[in-house]
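Letters A, B and C name the chains as they come in the text, with residue numbers starting at 1 for each one.
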């Protein structure tokens, strides 16, 4: 079955869309009906399907998660032990646990069966730049 | 591979079960072993597998998420920018990010391999009525 | 398609790794490319892909979720109704809703396409011992 890998370069926390890359892979594969799986090979970023219309949704999502799992130097997080890579490290693992590392999207009539407003996003939880690898796999 | 679409009419926030509809689709397809994917084509509702025995679990889940992501007119949410569609809009996107838009359930001996107490639910996060579309896809 | 079931004996809340068992199943199946689905047949534990290097990550994740969804006898949870099985019961359902019951991991070159630091975990949310059943299914 077709499979490929995507690399996404991130520049700090936030949502990075890869809907076009996934759609192109599905189109090229030429499968009429199937299941696309997107899987991210890291534990300090994650995947999300969210609204791709108003960019404020992306901003608000980032703001919400920053409050739900604040940096380790915030007094509310003083119980965290894993601090080797900086105050954004353990909250990144937490945000990854609260969202997804793999997404399944059906393919209908040769195209991703996404709703009108749905986009595929990598959700970066670390402050510094990273190269993130996503595996795309197409099952019948 | 077999694929179908379900429409669920929601009347406000809460959990709406669709286990029977999914089980019927699997039975009709006649596949002995496989993978059912349920995918919801929206970003302000989501999918959940939860206990289908005590209805209080559904009530408590809704109550918990209402506190974890309160309406945008709650003082704790004053930083939200995306407010065009009302105070329940952005919290709906947040609750969707915190749960799932796609679920994979193995099929064993021709039936969904759900545990005794597991049911499939659409989790509606908006106040007003909606028609929600779910894609069901069966992979080998 | 190949399918098997794993039983994991848990002794209280925490993360229990099953990466080796999943990898062995994939190796034995002899499929070059495909999709492994892990599905847990319960609603008071869940599945997680997380860092398998520093054990402090597991400890911190458990500590975080214990604060995000405290036991039902905590004053902040006084609105919970479902209390039959004890104060750890309803928070277990909540933590399960906030994480995953099914995970999809692509198979590349005959092996799970996990990143270097990724491990598969059962996340037990109940205090007492349980036998938890996971279905592993391999799709093409």
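Convention: a residue touches a chain if its C-beta (ideal position, glycine included) is under 8 Å from a C-beta of that chain, and two chains touch if they have at least 3 such contacts.
Model, not experiment: these values are computed from the prediction.
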Expressed as a multiple of 5 degrees between 0 and 180, the CA superposition of chain B onto chain C rotates by 120
Report same or different for the chain A and chain B interface, where same means the shared residue numbers exceed half of all residue numbers found there. different
Separation of mean Cα positions, chain B and chain A [Å, integer]: 19
Provide the list of chain B residues touching at least two other chains, using ranges where the numbers run on. 35, 68, 98, 100, 104, 139-140
Chain A residues touching chain B - in the complex, by the definition given at the top: 33-35, 48-51, 54, 56-57, 59-61, 63-65, 67-68, 98-100, 103-106, 108, 113-115, 117-118, 139-140
Can you list the residues on chain B that touch chain A in the complex? 1, 3, 35, 37, 39, 41-44, 68-69, 79-82, 84, 90, 93-94, 96-98, 100-102, 104, 133, 135, 137, 139-140
